[in-house]
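Chain nomenclature is as follows: A, B, C and D, assigned in order of appearance, with residue numbering initiated at 1 for each chain independently.
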Amino acid sequence: MSSPTETVPVWLPTDELAHVRERVPMVYVDAVPVRVDHLGRVERVGLLLTSRPDGTISRAVVSGRVLYGETIRESLWRHLAKDLGSEAEPQLPASPAPFTVVEYFPDPQRSGFTDPRQHAVSLAYVVPVEGHCEPSQEALDLTWVTPDEAVSEGVQQEMTGGQDRIVRLALAHAGRLP
Amino acid sequence: MSSPTETVPVWLPTDELAHVRERVPMVYVDAVPVRVDHLGRVERVGLLLTSRPDGTISRAVVSGRVLYGETIRESLWRHLAKDLGSEAEPQLPASPAPFTVVEYFPDPQRSGFTDPRQHAVSLAYVVPVEGHCEPSQEALDLTWVTPDEAVSEGVQQEMTGGQDRIVRLALAHAGRLP
Amino acid sequence: MSSPTETVPVWLPTDELAHVRERVPMVYVDAVPVRVDHLGRVERVGLLLTSRPDGTISRAVVSGRVLYGETIRESLWRHLAKDLGSEAEPQLPASPAPFTVVEYFPDPQRSGFTDPRQHAVSLAYVVPVEGHCEPSQEALDLTWVTPDEAVSEGVQQEMTGGQDRIVRLALAHAGRLP
Amino acid sequence: MSSPTETVPVWLPTDELAHVRERVPMVYVDAVPVRVDHLGRVERVGLLLTSRPDGTISRAVVSGRVLYGETIRESLWRHLAKDLGSEAEPQLPASPAPFTVVEYFPDPQRSGFTDPRQHAVSLAYVVPVEGHCEPSQEALDLTWVTPDEAVSEGVQQEMTGGQDRIVRLALAHAGRLP
């Protein structure tokens, strides 16, 4: 139901964004990119190597803010294209319901998901991706790991702020948690 | 995972709220209160008669803003207690995933869900409620209708801004859409 | 997790099938084929014109029995290929959870979903389909209708045994119930 | 939609059951009993100590066959009452959709979920339970463990045939997988 009068998504200057971040929760989307076989079974999980809000360089899934005037689907598409490159072909889910809701708080004790900058409510989706993917812009690297590798101690320790848990929840949703 | 250091939810003065509402999407929750039988089947849907953002007096489900520092579950609890009274006993779902996401825009063409005040992203839940319910504070009335009545033309026309559609989506999720 | 020792799906002779059908519920899958846009929004629903268990020629979604030894994903794939042709490219969902469970009973009063032959428990999925589709084998026709058309009185009356309700539940799950 | 003409669930003699078990997949339900706080968060998971189809005495969730003529909700209720006692008050979910589908095969390589007796397709639900619970009939014991304990190596090793994985998938669905 887009229309000629649809609102143009609004970017905020840095100081404005800092101002609102102290007053209301931000809306975010998290997308766990996966490669699936012809029967839809998850074979690989895509993990970015990227600079995180907590100052670390860590493995993470695709994540970003939903802008004023932007739909959830448009935001998912924008962040996936930004992080996986323009040749990636994400298959956005037919249902708008996320598989889980991730609540990020500055306080690490609050929910186990942390973001020192803000309180954010993130809708999390598993997104099968076809086509060639390459890390673009801020991501330093993109690796595709098997479900077993994704939950291995080595890989889980490379994720901070609860990103490791998002990956496990996503694999469980897909019936592929080892 | 609550803690002694948990953030106190932040209320905003009216002008502050107006300011941020023009800059970022707001996080909301929608709760469709239902009465269920001992097997969990929805028998009744609770509809409030209330003053809506569009200026009408209309039938609606429980809905409200998530405050800075407040979890989704705390917010659901607060809005259900406010609208159904302190003797209501809502059974919040074990899973944090909403059954659908409702995107409200000022522009009625954008998604079919409208709120003239803001762009809001609302997590929608079906919430079985036990105990005595009575409309409190802003609600003028609370009626429990059957699934058949809830989707009847008469009742649907008493709902504005897409509230009728939320009720149909909730009934479908519960397998009770006639 | 297929393996060299995997069980070969077992077909039953007609009299054997009749025998077990009177003793245990059958496992079925229902797949609602959809065309989606690049953002994953449902634009069309695929309806077969086919001979139904109740003896009518009616519109219906893809539906079929899960064989002994066959996984749900293999069964979905087999029935979609059989009904939509070998050039159809179904995108099976990453999650094994159906959006609803349809319980068919011989008695039309029991659940509203009827099958005069048996008690069947069917796992229902919304399946985006790419590629060329053509009705194969038993289906007489395949039509792609918009969500509005799918719930119109004319189309709904062409569906029997609760198939119209499955289509509405699927559209609701996809956030596209008008 | 029960009715006076509703089919009476059909029990099968042992040899009849053995016969159909070799011909079609059986319909099962799995219920993971949980204790939740007033906000719906899972605090404890209920694990039975019981004699399993593989001949071991192991920890397991509530599980059982759906009879001919029985609805999924009736079957869930029957098995929960049988295993947790008549004073248990299970809160069956409003939605008929399971959080996952568990496919049991005799071959342990097929899906990771095994049942030497049969191919079974099981609809799995997380079920909050109130009231007094005590193991009845075949169960030797019932223990309530925290999410952390449930996924600890000690407890996970007491579960066979994939029961440990069902518990992890259930906790993930509830957002409580550590």
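Following the convention adopted for this analysis, a residue touches a chain if its C-beta (ideal position, glycine included) is under 8 Å from a C-beta of that chain, and two chains touch if they have at least 3 such contacts.
For clarity, every value in this text was computed on a predicted model and none was experimentally measured.
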Co-neighbours of subunit A and subunit C resolve to B, D
When the contacting C-beta pairs are counted for C-D and for B-C, which pair yields the higher total? C-D
Centroid spacing, where centroids are CA-atom means, of subunit B and subunit C in whole angstrom: 33
In whole angstrom, how far does the Cα centroid of subunit C sit from the Cα centroid of subunit D? 26
Touching two or more other chains, which residues of subunit C qualify? 71, 95-97, 99-101, 173, 175
Quick one: in the complex, what on subunit C touches subunit B? 100-101, 165, 168-169, 172-173, 175, 177
Help me check something: in the complex, which residues belonging to subunit C touch subunit A? 34, 36, 38-42, 71, 73-74, 76-77, 91-97, 99, 126, 128, 173-175
In the complex with subunit C, residue positions of subunit D that touch it: 1-3, 5-7, 10, 12, 16, 19-20, 22-27, 66-72, 95-101, 103, 105-107, 109-112, 119, 121, 123
